[in-house]
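Notes follow once the structure below has been shown.
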């Protein structure tokens, strides 16, 4: 009577879609551009797959074809992670309330 | 690290990503939100490395590559001008897409490390998931590249259409499905490569017929795709951080596309099936019948605004093109010194991406509590003396309310025509994005200021 | 390297809390009373536990102590389910837009 | 039915419950939402029965008991007057709580059928989960019963306090934790029974010190508890429908309590620690200094309203007590026939439970687009001729804005004082829920109509 982990993952996926739906609708329209850049950054969490692909497996042939693809993916994802979060930070730092101007 | 502990950490980082998006519900919490996102990412990367526990040569390479990628990313993030955000996002998407493809390839070549079976004998479910991830990733990659080229102006923005286009796309789609089925049956490597190659082609074909100006919708759509690709890979790798993130990003992109289409009052399919930008030229020529316009200069504008008690600024795409936001801010400062009440009105699709104008104004240090959404300010135009329309056009066009034939019919617009006088800063009488003439130019209470938005605004500031 | 199903359930629970948070905030205040009655009805899904408790186990002694508790729970939950959904329905049927009055 | 299929069905019913709550975001979609909820419940019950696959005697009993319970529930649902909703909800909660206790007992006595181990040797995790479920369920049960009795008037609504109360509660809490730990070590049955008995006691002790009028917050809180109890049992039974539902119900109750406390500008702990209703009597006597009031009758009121161009109705708890909603609706019909513009203003905590006034007005066939929330209508009082305050008091009390000493200071109020004249329908000058005098009664532009809300409204209708 064990339940296949896939079913659990499916449940997580479906609930996360609901969360995504609500969380995005609650984003204020003036922050839609940062929303695009930050979703970009977080979708690079695919880097965890890249790390496994690059490092796991036989220790001696670290430059196996499959490892190379892993390393390439790491570079690409890293560009996104740093670029995405930093550019979001740069944008968000500009949103200010009225005070003693500037 | 045990599988359970690892799963809990991935759950935590998924939750942190949710909190990151949640923070964006207001500017005050947004910076904290971004910080949560960074922590979530750090946790995900950290525990993955610890769980492999391999700190030999490979680990050093990992750090080096992280550093290389990170430096490139950081460099881009600091250098990019705010006006180039649309193409930046497109460019970044292409990278996520390609990374997804690479991870899928790696999983296909070396399935043991992911517990998916053995080369030539991969679990069917995993095979389907990784094919989906790879295909969507590949489409995201080439699609985003085309979007990037069009936005950057490296490729003509006009839609490229040819006969039988939709038919070819359909045929390729069928072939893709066939390939996946065949692959599941035979596990042949060349099928996987063909799948990826054809997906690259599909990405190109899907995006070239879409006009350059429709790219924002396309970007959001590709964002959504990249989310679904990540979720697919998440199922393959049995990683809940990826699944949660994929679902978040997937919905986020879909909702933003929806908001944009609704803001333009067009259906999503109308945008995606493409060819719309082509009507531009025809309608352009039709409506030119040389009606008289009132032509003004900077002094006239300065005089009008100085004597106004309230002014509403309506920025549009032209402000972004001219990079006029800083000049605008200085003009507003002078006006405020003269005791004029100034606020900003932002249309949901002003500019070329959602929130485009808000970012530019924020860059110019305009406090966000002076900036209002359409619904919140539209009634104020009736009591306002001057509407200063800087580089906006379609979002003020009353034809959206009057002419059911017009392509923008039904789109909500900013009611600038209700204010006592309207100043239009643009370089010519030529139409905007939607390619239709704006009746407001010829009205009694409109004064046209033909010039580059930045130059004109600076001149007005001088005259004030 | 199997993940304990408990972790999955915990993930589901946490995501469901997020969903609950958003879904309840999006309920319009004028429907807060029906919200209370409908949440009441759905929380009676605990009846599934009662059914298992009442029916499962040895077929011959259906009135074992543990089964009796199951049956009692079934009655209680059934009152709630029918009562909750019906009273909600009755309330919601009253919310009308202006038309040809009545 | 396989465990996987079963899990999928439970997931589906969890999603349907989400959709049920989602439907309540607007009256139009709410009926469909309720329908989704019913389907979700039917699926959950149906697949559970199928999965056991035991269609012998037990099954017949199951149907019989379902029918008995269902008939009782249906009978109550049809008979209950709308004004009795608060106690109905309290009563229903007590049943959910007790059901949770019974299921936990059954699981404890016969753990094999739930795959939790064997009597005397139950898995520790399951033991903790079922203890939690049973304890919270038991507290919910007795707490809801007390709330029910207080609301129904079968028990005095005044808070029952005694020396060392908080200390005793704390001690019992510690004992409960000790029992759980001891139970996990020894698996002795009597410990489990003691746990439940003490939890029953805690439920009583927690609620008796809370004044009858604070019961709505208590109900919501207990609603939240019953949700967490369900989730606890859901972990024991490894059932995701229960886990999802528990989380939904748990957050829903917590949020409603929060909304109510915020509406009253009191902290949650202030409500829960109780003893507040006691201040009522003291402040009642203090503020009576016989200031002059203007006293009117039905004809005066009818004259004023007939000649008004706009009237805003402000209903409060007194309308519910007098069951005056139908009479009110008829009065408004007459006014409308006279060409008067009428709308309703609902304060977030008017009445005695969230949305209380809305349900009553809906019952009297008031279209919901004539009914407005505080933020949407508060500015309209300044332009309105008559505010007809029927059985409301605290929610109009301007002291909330002026006197930091007042218990309702900081609570947002309806600005009825800004309208040209204010009519107050109530039976006396006695204060409302918060027990404080209302300065408005003595104002120049206020006319007091001392009578039962229903009788007065009917008389006004006659005079119109």
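For clarity, chains are labelled A, B, C and D in written order, and residue numbers in each chain start from 1.
Please note the rule applied: a residue touches a chain if its C-beta (ideal position, glycine included) is under 8 Å from a C-beta of that chain, and two chains touch if they have at least 3 such contacts.
The shown structure was predicted, so the numbers you read here are calculated from the model rather than taken from an experiment.
Of the two interfaces, B-C and A-B, the higher number of touching C-beta pairs belongs to A-B.
Centre-to-centre, using mean CA coordinates, subunit A is 35 Å away from subunit C. The distance from the centre of subunit B to the centre of subunit C, each centre being the mean of the chain's C-alpha atoms, comes to 41 Å. Centroids built from CA atoms put subunit D at 44 Å from subunit B. Each chain gets one centre point, the mean of its Cα atoms, and the points for subunit A and subunit B are 17 Å apart. Counting partner chains per residue, subunit B shows two or more touched chains at residues 14, 18, 238, 240, 244.
Touching of two or more other chains is recorded for residues 2-3, 5, 8-9, 11-12, 15-16, 18-19, 23, 26 of subunit C.
Chains that are in contact with each other form these pairs: A-B, A-C, A-D, B-C, C-D.
The touching residues of subunit C, counted against subunit A in their complex, run 2-3, 5, 8-9, 11-12, 15-16, 18-19, 22-23, 26.
Subunit C contributes residues 1-4, 7-8, 10-11, 14-15, 18 to its touches with subunit B in the complex.
Subunit D contributes residues 3-4, 7-8, 11, 14-15, 18, 115, 238, 240, 244 to its touches with subunit A in the complex. Listed in rising order, the residues of subunit A touching subunit B in the complex are 5-6, 9, 12-13, 16-17, 19-21, 23-57, 59, 62, 64-67, 69-99, 101-102. Residue ranges of subunit B in contact with subunit A, taken from their complex: 10, 13-14, 17-18, 20-22, 24-28, 30-31, 33-34, 37-38, 40-41, 44-45, 48-49, 52, 54, 56-59, 61-62, 65-74, 76-78, 80, 82, 85, 88-89, 92-93, 95-96, 98-100, 102-103, 105-107, 109-110, 112-114, 125, 219-220, 223, 226-227, 230-231, 233-253, 255-256, 259, 333, 346, 348, 353-356, 358-359, 362-363, 365, 367-371, 373.
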